[in-house]
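For clarity, chains are labelled A, B, C and D in written order, and residue numbers in each chain start from 1.
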């Protein structure tokens, strides 16, 4: 892990980031497609998110006259934050140069930064829905964030590190050892993932019903390229979360970060993401949307599970 | 008693009379009688002082006795008498504690005083040492009298009686204080009496009576 | 020589002002007399500092660092109070609360009071000390009842009777002291009541008699100090008399009474060697501090409030003297000084404020700061100083007392601190509501004398930050004398 | 620059200069011009000088001096070491910004005249500096109480308002009670030497029991000043009452002197330390952090909100402190250094971002005369400078990368990760729960700050007269910019800051992080494999990607924008009052954490012609702790008052009984 500042590593980094940016809508499309299949629909196709983005990007932007510059700049910052997060997460290899810039705690901070910005932007226009969405988003956020941190803590106990690559490496090389704490952590992580990415049972990405919506309420005022960037960021966020989950709980197949390992790693990643996406669709299909006031209970459970994982680890010493 | 010299017997008798007068004052309700008792007390005091002076050969005690006579037997009772007549405050209407109870407390005080004086008396070289207990008792009884009375005048008489007790203590225990002090004390008592006299008039002017119940306005409510 | 002048000036002043005290220039004459007293006191102080303790007039008078410091303080506060009383009494006259003959009485008694205080401090004779204390009571009784109002009369009556009875106990104590001394020093001479002689032979005095004597002396002079539960006259007398009298009562009389107690304590401790006197003083002191602190919570009258504060501070000083030892005595002396200065400054400010408001009721005085910033700040800073907030000198002495208490009597320190906290809340909440807020006051026909207020506060502030070495040395000497 | 004698003199000269500057204000007490244009800028310059001086000499050896002031046996001792210098830097740097803001802020009008205000303000500054420099108990107490006093007068500037008077009183009372605790603590610390210099206390050897007593007295005393729950009640009262620069100074700087005091006592003066102190402090801090942030979320007054947020941040600082004590108690040097560094870092951070936000509220207050969040909104359009600078503070206090608030929280969480290695089996399970609580508090802080910023600056104006609001003046924006800039710098260059903080670690713990800090751009306090964070890369990454995206989007597509009415799901009738209010935004928190609050609701019935909803949030500690205490004192006073019931016979009886009792005692 010495500071390898060679061209190869940087190229691998570039590939990883580009992959993330490019593949994120695909993952979104895949999840939606799986869901459609599970619901006996034919679905809009894997590439539908790309078409959507393209359409939005070409449109004229309509912005409320009461908007401040903050409103306009937020989509870009959001996108920037998610791309940075993608660069930090070891999706393809563990020795990418950018990964040193942030560990898991910083990653949580980065997600929080994005969340605060979009919440502020939602309040900027001064509509009833905007502030409602912002409030709900922050509510979910403040409950999910500690849970996520606890998940990372549990894993870092095993790896003695909070740096994601180190954690992934340590878990990948643990051999056949079974960590019951990881099971708790994994379930908690999954719950956080659902909440953070505006999925069922916390939020329904496909509805504009004012009683229930969270994410959509915040972005109601956005249109055209701004909306495109926000949607893309959302897709990237899901992609990032999935990659984190994979790196922590299914870390096999990660390359070291050089050229040779990149191709097999890409293959592994695709396969794992496909499975993860399908699983996500399955969960979403089998569960029902919760009332918003139940969300704290849901997330508190996640938090509890994460802490339990931690305690289990301390108790069992494994 | 028998083997005591006559002078000592006289002094002891005086002491006993003083104690008796104190009890009498404690139970007396008529203000004018109180003044008379006070004058009697002063006279007995004077007598005992002269006796002490004669026995011990202390000439300055004669001066003390003279001052006592002038002040406590003649002047102060006279002033008090005049005041009482002028203010028309002859009766002590009621006591805070009824007479038998007061007497009982007084009795306890006398026992206490004697107990207190015991170790000191044994040290005293004077012929009159055994009377110190009585002196303390007189002071205590006067104190008690001040506590139980409700009229301003009687309170003052109690105060003066206490002064008498102190004086008796001074003569009986130590053959009197140095002259400067004696005179100073006498002056103070006189001035105090004068000021009090002025006060009586002012109080009556303000409250139409000398009852101390009028003087209970300043308190923490 | 200075001593004679020092004593004669106020006596002369009393006589003079008894004759001309109603004239228009009488307040100035009063101030002038007080200034002359102060000058003589300063000269005496300089001399004693220069050439050490002295005896005079057949040993009847005695000056050592302990009493000369109180003499200087008394003369100084007497002088500044007379400055304050000039406009104050004029306003009282203007308001029709006083007539000319009362003014004459006031001026004459003011000087006489100063005389008795100085006499009590300077005399070497315990009997004369008693006479002077009684004289002080008599003069102040007249001062307290100056207004002849029902409440004033009541206060004066209580003051007179309680202090009279109290001081009678002190006389009994003095007699017992004489009784004990006579055996050692002989009855023939008049030396048996001279403190210097008693101090030399204190080891030979009969302990049993002395312990009884001390009880009487403590109860007697303690009544004048205002120790709880003998304090009941104090708030009444402070509240009902004219404010300059409250200032000198708190600033001077209590000190002098405590001085008498300490003088007695020195003798008794020297004889008993069992610390009984110290323990009694500590117990009285502590009780006074605690009880007074709670009393403060029920006050509605501003002068009563500060009267209770005086009880509290006298309790602190008594406690410190009771602990004994160089540091505690030093602190106690310092506390006496700063308390005198601060409390009199407060009374000056309170006097002006009450005159402006036309009432002493705390609830009816608001917004001093707005209408009269100097009076307001004087009261505010004075209160903060008396509450023991640094950088004022009261904090310095309380710091020393508390730290000594922590060392010698650890159980007492938290009690003291708790009481100080309670007192803080009580006084500060009241003063704050007076100083701050919307104004409710009127202008006065005579400009208030604020020089004394700020002179005192400045001194107190300076003592908190820096105690000049000669002053410290002087306190140390005095502290050593007390033992 | 590092010549010891010279820096000592210069450092001492600055408080003196402050007092002199303040006294000059008295000469022309009513002149706003002199105070605002001359004296306050001078004060700010002195503050800046102090900051640079302390920063430059932070690694210099310890210097001491004895001043010819104070008590005869205990003259004023002063001492400059790394800890003192760090806090002097904090005081200087933060107050420089606040003072320059204050230069433009104070105007004549009701309340204290500007000249007097100038004196109080500068005495406040000077006393804070002296607290940090003091090396004996007496000077410390003098400076400490002067600080309380001067700030009390500053709080009660508008003393004609009754609530402000009450707030000031509560503040001074608690400060005084705290000071009593500190005094008792010093009394224990001298340990039998009866020397009240800090050197003597360092030399004293206390038993663990006495050490613990002293330490917890210090926690009580300093905690009262810092605003640790349950001694926090004065904070949400005093901060809104004070003028904003004063709130900033109190919250940003003064609270830190309390932390300084606890550090000084806990790590420097006390030689015997027990590990379980750490646990207690940690628990207190955790509770305060959660309590503060939950109450902050429910507030509707912007300055109260910030005040509660201060309680939260002090709680976080105490968490760090407790962690450091815990690790040190178990002899874990590196984690202790990490936790201590995090604590100190957060102290500095909080000084800057909280001052920044308080000053921003001051500007808003001046522009709108409105403190209630429910009547603000949309100010970013009228006050852009304030709004954008406040955004920096908001993001920083919410603990978001790459700003400074995140760095200290990151370090603290890194510290928590070591708690699993604690040798005590119970503790190593308990402490991680603390990490969870900390994470919750930090996440809630983000919630609170979104509410704060969004409701004041974003959305539409809730009152029509807000349209007349003006942006702040030049001096004010200069002050805000300075604070915001330091926030950013502290966030971007944590390694440099940590290197400075390590001097303090070396002083207090005897070991530091030094070998671990190698790359100036990469923060990896333990090892790179363990954890690393580079805010600079972060910032550049986000900025770069954002910039690239803007470039790409605008080049490949087009940048046309049409301004319209807001859509809002097609609701036709919209006005500013349909936005979330402060109460509305806090509603989920109130619901989730209901047991914390003493709530009084006023709900409309369906038939109300003019429906009204009102909710009042009360502090349970007020009801459980303070009111009973006050009642107890009152009841005692009532009983004691019976002593003085007016009857002279009874008084004589007291005298008589006293006499008899004492005579019996001597018999």
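Here, contacts are C-beta pairs under 8 Å (C-beta built on N, C-alpha and C of every residue); 3 or more make two chains touch, one makes a residue touch a chain.
Treat the numbers as computed from the prediction; the structure is a model and nothing was measured.
Ranked by how close its mean Cα position lies to the mean of all protein Cα atoms, the top chain is D.
Centroid analysis (C-alpha atoms only) places B farthest from subunit D.
Between subunit A and subunit C, the centres computed from C-alpha atoms are 78 Å apart.
One simple way to say how far apart two chains are is to compare their mean CA positions; for subunit B and subunit C this gives 31 Å.
Centroid to centroid, with C-alpha atoms defining each point, subunit C and subunit D lie 44 Å apart. As a whole-number value, the distance joining the C-alpha centres of subunit A and subunit B reads 101 Å.
Annotation for subunit C: residues touching 2 or more other chains are 157-158, 161, 165, 212, 235, 295, 298. For subunit D, residues that reach two or more other chains under the stated contact definition are 641, 643-644, 648, 652, 663. Among the residues of subunit A, none is found touching two or more other chains.
Pairwise, the chains that touch each other are A-D, B-C, B-D, C-D.
On the side of subunit C, the complex with subunit D involves touching residues 157-158, 161-162, 165-166, 169, 211-212, 215-216, 218-219, 223, 228-230, 232-233, 235, 276, 280, 291, 294-298, 327, 367, 369-370, 384, 387, 389-391, 395-396, 399-400, 402-403, 406-407, 413-414, 417-418, 420-422, 424-425, 428-429, 432-433, 435-438, 464-467, 469, 472, 476. The touching residues of subunit B, counted against subunit C in their complex, run 116, 119-120, 123-125, 136, 139, 143, 146, 152, 155, 159, 162-163, 166, 169-170, 173-175, 177-181, 184-185, 187-188, 191-192, 195-196, 199, 202-203, 206-207, 214-218, 220-221. Across the complex, subunit D meets subunit B through its residues 641-649, 652-653, 656, 660, 663, 667. Remark: subunit D residues 68-73, 138, 141-146, 148-149, 156, 159-160, 162, 165, 168-169, 172-173, 176-177, 180, 183-184, 186-188, 190, 194, 196, 633-634, 636-641, 643-644, 648, 651-652, 654-655, 658-659, 662-663, 665-666 touch subunit C in the complex. Listing the residues of subunit D that touch subunit A in their complex gives 377-378, 380-381, 387, 391, 395, 398-401, 406, 410, 413-414, 416-417, 420, 428-429, 432-433, 435-436, 439-440, 442-444, 446-447, 449-451, 453-455, 458-460, 519, 522, 524, 528-534, 537-538, 541-546, 549-550, 553, 556-558, 560-569, 571, 574, 576, 578-580, 584-585, 587-588, 591-592.
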